[in-house]
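Paired with chain B in one complex and with chain C in the other, chain A is shared by the two complexes that follow.
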Partner chain A sequence: MLAFVLRRLVGAAAALLAASVLIFTAVQVLPGNAASAVLGRNASPAAVGILSRQMGLDRPASTRYAHWLKGFVHGDLGDSAVAIAQGSNHAPIWHLISGPLKNSAILAAITALVMIPLSVALGTLAAVRAGRPTDHLISLGSLAAVSMPEFVVGSLLVAVFFVGLHLLPPVAIVPPGGDPLSHPKQLVLPVVTLLFASMAAGIRMVRAGTFEVLQTEYVQTARLNGLPERRVIMRYALRNALAPSVQVLAQNLQYLVGGVIVVEAVFAYPGIGSQLVNAVQIRDVTVVQSVAMLIAVVYVLINLVADLIVMLLVPKLREPV
Partner chain B sequence: MTDGRQADPGAYEEGDDEHALSRADFLKKGAASAVGLGMVPLVGGLGNAAASMLPEGVSEAEIRRGGTLRVGYVGGGTAETINPSVGVTPIDEGRIQAIFDPLVLLNADLSLSPGLALEWNPNKDATEYEVKLRPGVTFHNGKTFSAEDVIYSIHLMAKPTSAALPFVSGIKIRDLKAINKTTLRIPLKFPDANLAANFVYYNTWIVQKGEKNFSRPVGTGPFKFGSFTPGQQSVFKRNPHYWAHGGPYVDSLKIVSISDPSARLNALLSGQIDAMAQLSYAQAKAHQASHDINVLVSHAPQVLMFYMDTRKPPFNDNRVRLAMKLIADRPALIRDAISGFGTVGNDIVGKGLTFYDNSIPQHTRDIPRAKSLLKAAGREGLKVVLQTSDVIPGFVESATLLAQQATAAGVTIKLKQVPASSYFNPSLQYLKMPFAETQWPPSSLKFFYLQALAANAPFNETHWHSKSFNTLLFKAIGEPNHRKAQSYWNQVQRIQWSQGGYLSWTNADFVDALSKKVKGLKPSAAGILGNHRYQDAWLS
Partner chain C sequence: MSGRLRFLRTPSGAVGFGILVLVLLVAVLGPYVAPHSATAPIGAPPFTGPSTSAPLGTDFLGRDVLSRLLSGGRSVIGLAAAATGLAYLMGLAIGLAAGYSRSIVDPLLMRTVDVMLAFPPLLFLLVLIAGAGSSVGVLVLGVAVIQAPGISRIVRTATLEVSERGYVEAAVARGERAVAVITREVLPNISAPVLVDAGLRFTFSILIIASVNFLGLGLQPPSSDWARMIGENRAYISLNILAVIAPAAMIAILTIGVNLVGDAIARSLGRSYVPRGIRSPAA
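Let's look at the complex of A and B:
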């Protein structure tokens, strides 16, 4: 079991290293550097030269990569290139993104807390009622929801709950350093939008898994032994059905990390997604690099945890190969 | 009034014994003369004119004080700043307007009036100015405003990375001198009869001597700094000691970054903000009809243009350039590309500004003449590539429409879309495109011509190089006599109109929105959201 965990850890580290190279290279490929992006129309060669030197952009790419990676590993994300170019002498990225990061985490956590039990419940219900109207309703409904992009779902929800019913606020403005939870009403539409887009895959996977298990001989045996259906499902079917679903739910969580980007823009929610979009637009290379890398870390971590959970659920995996 | 202008007594605030021309007075006289008047008074004695006055037709009793005014702008992430001398976007302008003051105020009708500087006294050939500053103005920290602060600010503007560089490039920076606390000597590299006009734009607003990183900026403006989180929001508190009359009336001002246009509008509709910058044209049309919010439309000199490289074929032949100007159906472009929010452009820049030549006939669509010009130039069935970008609303739309309009003259325009981030960046695409689009927000004719058409102009989009034109331009800039200067400026503009590489199809309006409870904020040709003058606003 320890070997398994170790193997997974090494794999995760390798994936992150590869991601860091990819991210750094991708940012370099963007046309123009941060200095010229900040200067915009005033980006005369002389001005670009001066700012590039100030921002350390004249050093070779390999040096900058090493410096960035070393800082990142030590928890130092560096300074925002654009803020420095705009005349600040100190603009730590961590300081800029810690608030938005917390806001996004809150949004994703609430969504996950609703999504996971709901996916399992609806998926199981659909499996138990396979072929009946409940099953069709759940399957069709979740398919329809996942087919719509977030900005469409978000706009539709705003149209219904703000323009039509005047029930919920259409944007979620949280003051810097403020707590999004202090205005729970503002969170409803963003969370529901995220649920719409992320739940379908989970529901379908749980349904498929549970349906398959319900056809197995040991479930039939349990039923023939006269165990109540409720106990058959909860005790014997679900546990085995969930193993493949854990991976899918983990994917859903990872999707949330990306999905919040669009949803945050639609609802003006001050999270990490809005920060990333802004940073890309103004070509704040250091912020883009660090935020992208943080998101990669979250992805890899979720995968790792999911693998461990699957291992706990499926005893076979715990035995040495 | 020292120079024989009339003042409208009705425009004075009660108990105000200072001299000021009201906006109504200016408007009554029509744009051309009003603008002409606005320019002259800053040369010579002006008196202690009051810069801020009560909005027209409003008495002090109607104004409700207090509350927080919340304004939503397009955010700029970490690029947002309070430093005036770096590149600023509208949200930064809003903050600069709150904290700082300019030497010269650009009024809603584009006339000028005294800000922190009261008088601009040139020597005989306009190569040196003695500037008298407003006495008794204090910074938010209690320090008295003086000539040293202005000198320090001009030094910031003259840094090579400063966005204000074009405004001070004619100044001999090292020879700036404070004669006393409120008098300043500014020596120039070339004659400039209207130096005051250089000091209206946000990049040139005045900061306190010694200001370095603007982490807790101190200014003389209507609001004091509270807090600033780039990309999210900033908060300002009312300055009770503001030197101008009346405002601010609200206790605090909150500037919020909301980049998504529909989220910004939703925030306004739901009452989470009170005002928003840059309403989209389509949304503006809808809400003008529904009356649920006030759509603030200002006719502005912000000009949208196509430009042609006058040195590269086929546009090095003026007959081809002229043909393009005659192909454009400008009213149709305005109607379809910017939903009618603009007035027709005439291939010169600065409508409404001092020295703009209103007597030049309007270029209109004339396909037969365009065809014969192209034939004479040997360019029948011309095929060109037009580079466009979604960097400014209306660019891609107008380019698409122009391409359709051109087919009538047998001209094929192929569109090529350039990423927004490269389009105006000279280290990338900008100034390398033979046929493209541009937008200018000029604050004076001089500003535009020095930047775009003079010898060594940094943004010479049309690659215009003409010695005789340049001589004429600097004559116009340096001529102290207003009538003579106007005649030089008219010649400059006629040359551009008949030979230049600009096809200016519209002066586009500023379109913003206010909730019904925001009062006192009036349309302004000087900037969006009533030129961000929140010191004039109150909440009913």
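Let's look at the complex of A and C:
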């Protein structure tokens, strides 16, 4: 068991190290120098030279990588390159993103709180009604929902609930330092959009798991003993069907980490995704680098936690393969 | 209607196929039948409602929405097709090398693939764009690199299985060169498992490229790409709702059509179309 945990920890650390190399290479080493990316194509060589020195680009790439990674591990995300280029001496990225980070976490948490019970409920319903219209409707509906990009779903929802019905606001704007929860109505459409894109896999997995368990002998026995169907499903079927679904539900959570990027942009929600898109737009390479790494860390951590939960639920997996 | 076209017998397969043909016709023939220029204003003010000269109204620059819609499908389908095709080439090369070589190459390639799969796809593409700038080449290559690892895993597993069969061992014993064995014996026999989720991968390419275009980080103005149209007009949705929902509907029916056909084909082959952990642009 300890060996399993250790192996997973080492694996996660290796994945993060590789991710950091990948991110650093893509942002800093690919064609062109980061300073000229920040300043644009028409910048004078002198200006590029000055900013290069300010950003420490005159040092070799390996030194810069080590410096960045060391800072990141110690919680120092560095300075915004664009702000430095605009003349400020001190522009910590952490100040820029701490508010948005909190907003994104709130959005993702609300979505997850709705998503998990709803996936389990719909998946179980489809399995209990296997082969009947309810099942087909849920299967087709989830296939259609997962087929569409988030921004298409989001835009269509805005068309219906804002332009058509005047029920919900089309954007979810939170003033800097404000609390997203103070206007819960604003969060409805972003959350629903995320649900559309993320639930299909969970539903399918829960359906498959429950369907399988419903065919087993102990469920048949429970039925023949005259237990009410509701009790059979809740007590016997669901519990055993859920273990394999944990992994898929975790993948859904992982999806949320990236899914918020587009959905925040659709609804102008001031989260970490909007911040990243904005940084890519103005090519603020240091912000892109640190935010991307932060997202990668959360992504890998969710996977790690999910693996450990699955291991606790299914003792069979603890044995070395 | 037997064999390969059996999927058309199911209602969802037939509906999906019909949708797909329709969207393809619009994308291919659209630019030729468009009443106005797709990139120049038609002399009407921005956000006019539907009229006889502009049946879907005008966009934020006073351009004809219908003409832009008719011209905007090519890039959506073309870029995704190019990226998916390239991804299959890369995935086949990696997977065959890993699965057939039975040497240190295999674990090396597969660990690299694991790392790639542990990284959110959209994030990868955004980081790449931040570093290398935005161009058609970056979009296609970036999405191909994102997709190749998943394909190479399936290719590797199928190759490992096939290369233990008698006909492959016989070919090796006859002294045929590795290239000949791979192209004549291995490839034809791994095509079914490798291609069954091609539809899923194609939709994924559409989704992720469209997302980047929607964010304004992909194709640049005056491109009439459907995703760009949505991004450009999204802030003014109450002024001309058609400028947003027309391209949104086109993307929606395209991707749903592809997945309906893919699902029907997979079912007719007795396989599951949506594998464990299906994804969306970010997962």
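Just so it is clear, the second predicted complex is superposed on the first by the 311 of 321 C-alpha atoms of A that agree within 3 Å, B and C clash if a C-alpha of one lies under 4 Å from a C-alpha of the other, contacts with A are read in each partner's own complex, and residues count from 1 in each chain.
Going forward, a residue touches a chain if its C-beta (ideal position, glycine included) is under 8 Å from a C-beta of that chain, and two chains touch if they have at least 3 such contacts.
Please read all numbers here as calculations on a predicted model, not as lab measurements.
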**Request:** After lining both complexes up on chain A, report clash or fit for chain B versus chain C.
**Result:** clash
**chain B versus chain C as contact partner of A:S155, first or second or both or neither** = both
**Request:** Applying the touch criterion given at the start, work out whether A:A279 contacts chain B, chain C, both or neither, answering first, second, both or neither.
**Result:** both
**Request:** Using the superposition on chain A described above, determine whether A:P270 touches chain B (first), chain C (second), both, or neither.
**Result:** first
**Request:** May I ask you to decide whether A:P170 touches chain B, chain C, both, or neither, giving the answer as first, second, both or neither?
**Result:** both
**Request:** Based on the superposed arrangement, let me know which partner A:L96 touches: chain B (first), chain C (second), both, or neither?
**Result:** first
**Message:** Applying the document's definition of touch, where does A:A46 land relative to chain B and chain C: first, second, both, or neither?
**Reply:** first
**Request:** State whether A:A37 touches chain B only (first), chain C only (second), both chains, or neither.
**Result:** both
**Request:** Considering only touches as defined above, state whether A:A83 meets chain B (first), chain C (second), both or neither.
**Result:** first
**Message:** Let me test your reading of the model: by the given contact rule, A:Y255 touches which partner, first (chain B), second (chain C), both or neither?
**Reply:** second
**Steric overlap of chain C with chain B in the superposed model, located at which of 9-17, 27-35, 45-53 or 189-197** = 45-53
**Item:** Touching both chain B and chain C, residues of chain A
**Value:** 31-32, 37, 155, 158, 162-163, 170, 265-266, 277, 279, 281, 283
**Asked** Along chain A, where are the residues that touch chain B in the complex?
**Response** 31-32, 36-48, 50-51, 80, 82-83, 85-91, 96, 99, 155, 158, 162-163, 169-171, 173, 175-177, 265-268, 270, 274-275, 277-279, 281-284, 287
**Message:** Applying the document's contact rule, which stretches of chain B touch chain A when the two form their complex?
**Reply:** 75-79, 81, 83, 86-87, 160-161, 163, 165, 212-215, 227, 229-233, 256, 258-260, 262-264, 266-267, 269-270, 272-273, 419, 421-422, 424-428, 430, 458-459
**Fill in**
Per the touch rule above, chain A residues touching chain C in the complex are 14-15, 18-19, 22-23, 26-32, 37, 140, 143-144, 146-152, 155-156, 158-159, 162-163, 170, 197-198, 200-201, 204-205, 247-248, 251-252, 254-259, 261-262, 265-266, 276-277, 279-281, 283, 285, 288-289, 292, 295-296, 299-300, 303
**Asked** Quick one: in the complex, what on chain C touches chain A?
**Response** 12, 114-115, 118-124, 126-133, 203, 206-207, 210-211, 214-217, 227, 230-231, 234, 237-238, 241, 244-245, 248-249, 251-252, 255-256, 258-260, 263, 274, 276-283
